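For reference, the structures are reproduced in the following blocks.
Two complexes follow with subunit A in common, the first pairing it with subunit B and the second with subunit C.
The block that comes next holds the complex of A and B.
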């Protein structure tokens, strides 16, 4: 049962939607025909959108009894070959980690959207980027990674959700879309593309369960008890992660021509950082923005590529400092300053400008 | 025409393999019953089995149809995803008491309550077998386990044996809730009939069917196989009465 690429209902060229709804529509356009989820703010509009749209498209929507059940329903859906998705927000993502580890171990494609909110614990429902470590370091138990895509606008949330399905099927892996409360809740005009732009050829799924043609029985498993068998499996997975690391790094630049100072931010924080860059440029400070789109694999190649000409690096996050560690790993020996706010605090453009200018002044 | 005919054959759904199960374990009998029912109903080519975490985790080594492994307690959620997308398939879970009645009880109740068209084979052996014999929700009062070294005692906060079939029978989505036993040939034959019924309920789209099976675990119980069968009769049945609680 392959995914249908064209959804039945026609969409106008430009539409106004919240990020949450837009990611839902993107999933439908990408051929997602299974969604299971559990209510949690600030992503509830996405779940409600899928309930309505999957019904129209003849797909399956299930309000699960828990995040655990939801991710495992997605596991089952993926086993029989459907493009399947679940979404949640930070506390719910902790519960989904078990299932994500099993998806990775069983090499099952699936898309998981995390509309991040403040933590730890129940935290709050404001925007946050505090799940970076969890998202980019596997998150569950065992040696694995999942590609992580971080949108900075509603339109990009649509592109990346569609891309997530293609990456998931191509590499047979769960893929995370790491959005935040601002991206999920804000409303923007955007156009809906028909394709993700993913160029590689996605092969038909000849590994699914429940195929009726003549063949021997198939098994989906992540248990390898025979001595050496799990190591072999892990080694095969490692090669896959390496392939992804090489081929799927994505990032964007903003006003980096002639820049001496570079701000590094992702998601909604990068959106705010573009305003800071504009202000700094108006004040003749040669600042630019480097914006990772894939958080795993981290776009270290492009970052290293521009770092030579850069005097100072500023990392700005809605956390106490998580992505900054990947910047340090990518740019050893480089002077890196960090500005972060946690628990729903969002560094403003003014704060960023003040921070950058104070660091430059201190260096002089 | 040959005078003698070979009638009692290995079901096609059951692989010709040595199992890892202990001698006297109930899984061997139950695997046979499940695979025989699948063969007899002619559904082997469209069946998916979902294996639990527990002793039967590698049941797919012995079953010859499509299988998936689920995380501990999540088999019914996985099965729900499969069946909703592919109502033409026959999907069943095969779960132990730790898997279904402890860590997966939430999934069990909600899958049953949604009336998912699934078949659930629930193996109740009153202990955690694979991890070495800890107290299960179904451990009977007074039964010694590694975590109840002086016997399960509700007064000490160990709780009472959890009666899953009784718990589920009031849910509207359940069409069959029955408790069977592997403790005698007569009960084994009854178990077989109910397993077949549970699969037929699914192919006819009647709702959720659960067949709870009292099953011996001689090694953990530290009993001879025959003695273990007797223990099912004498001790387990006191807490877990047999028969169909609901059959509509």
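The block that comes next holds the complex of A and C.
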């Protein structure tokens, strides 16, 4: 852990940590006492951090034999009521999808962190946002969604990891934290809050496996063979996804006052888009940034809310165009332009500025 | 000072990532904003390992560095790779013991020193990075205070008296290279 600042400084109690380490510490502060994972760059520091810290906290750390084993160990720990987490990067996330589908089907809370790298296949280890489709459309088989939280700073990675555990327990669902290599690897100052700020009351886990004198045994399952039983189960899940969709949309704005043009980016790309907005504003181009924090549910309500006064929308991603589809669904009929780079390419502030200005010029 | 972007590069094992962390720790101690970003994983023996540090009075948006104000370069492959990414009037701190040529650039400030030799005189070649740090702080006094650096060295290495003293000596010798 990094140095502590003096209390009188303008950044009291800030410490320096990488995003990977900070998400590990945040999980422990949130009460995570079980972690299983399998090494993969660029999230290894997170696994290493849990190995070091969880034992100190009396928790359980397991380096599993594979990603599939790790997610199923998390499944087991969640069944008995532990706050459980696993983490990986893109290729490893593909391997975990079966387990995530089972967690969703069994309504088990769990937190899964994906520090995205380039794909498809083994790809490379550079930053990427190409797992958006996989993350926001369930990812495994069957009708399900998982809440997806996308941090754009080390401090926000801390907040969202803590929030992920509360959302997971409240809704009894796996929750994804979708970070990228830049967020995982970078080190910056942040503070560790003691709570996530989640306001709703989380009920005790009376559904866990095991029998006590106070209650009879319970069953955790995703197999429903009796005629109509699975449809009934799916219908109940649908109502849950609808509840989450209504209640848990989150987003942030940057310099959108009086904006005619809006750039939409998330994660590390939103950091870079912020620089582009500043440059454009300095050149009297009325640009602002809309930044989704939840990728599922997509924050369409607040996006639609600001879209009336917007002439053109620019979506910038470290992918060939994934989140842009949710923007199109949210803003039918709107002029939407896409700028993206894949395979470790990161659209720079200069590229964004040039792109925005060329599109505006073409429209005139 | 608005924002200073720093590149640190050398062989894996020369302590450039650690040196970047020292700068970031010191920046935080002076209540400045800072971001440290490493190269990770894809390095090979004989090649370069590098990191970037940003130090600013204002919050830092992009964590990435395209062109740097300062480059600390400790070996030849790093010079070949990063000499061109230094901004005009930027500052280059170069280890003459591990480069075979002078820098091409004429539009930059240069501090070229036998960092390995000085480090050996401090007791171990491992502190060549801290000698470079001393030279940097002497050449660019507005960046961070030497007292702050010494506090960080104490916090980082204080648990081992020998290592701490070698680093302190290296930091002092680095400053002396500039001030004479």
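In the analysis below, the second predicted complex is superposed on the first by the 350 of 364 C-alpha atoms of A that agree within 3 Å, B and C clash if a C-alpha of one lies under 4 Å from a C-alpha of the other, contacts with A are read in each partner's own complex, and residues count from 1 in each chain.
By definition in this document, a residue touches a chain if its C-beta (ideal position, glycine included) is under 8 Å from a C-beta of that chain, and two chains touch if they have at least 3 such contacts.
Since this is a predicted model, take the numbers as computed values, not measurements.
**Q** State whether subunit B or subunit C is in contact with more residues of subunit A in the superposed arrangement.
**A** So, of the two partners, B touches more residues of subunit A.
**Q** Between subunit B (first) and subunit C (second), which, if any, makes contact with A:303: first, second, both or neither?
**A** After superposition on chain A, A:303 lies in contact with neither partner.
**Q** After lining up the shared chain so the two structures overlap, which partner does A:327 touch, if you call subunit B first and subunit C second: first, second, both or neither?
**A** neither
**Q** Using the superposition on chain A described above, determine whether A:60 touches subunit B (first), subunit C (second), both, or neither.
**A** The answer is first: A:60 touches subunit B but not subunit C.
**Q** In the overlay, answer first, second, both or neither for which of subunit B and subunit C A:178 touches.
**A** neither
**Q** Could you say whether A:14 touches subunit B, subunit C, both of them, or neither, answering first, second, both or neither?
**A** Second partner only, subunit C.
**Q** Which partner does A:295 reach: the first (subunit B), the second (subunit C), both, or neither?
**A** neither
**Q** In their complex, what parts of subunit A are in touch with subunit C?
**A** Contact set of subunit A toward subunit C: 2-3, 5-6, 9-11, 14, 16, 18, 41-42, 124-125, 181-182, 185-189, 268, 271-272, 274-275, 278, 346, 348-349.
**Q** Contact residues on subunit A for subunit B in the complex?
**A** 1, 33-34, 36, 60, 62, 64-66, 68-70, 72-80, 82, 84, 98-99, 102, 106, 209-210, 212, 217-223, 225
**Q** Okay, in this complex, where on subunit C does subunit A touch?
**A** Against subunit A, subunit C makes touches at 21, 24-25, 28-29, 31, 33-38, 40-42, 60-64, 66, 152, 155.
**Q** Which residues of subunit B touch subunit A in the complex?
**A** 45-46, 48, 50, 57-58, 60, 63-71, 74, 77-86, 89, 106-107, 109-110
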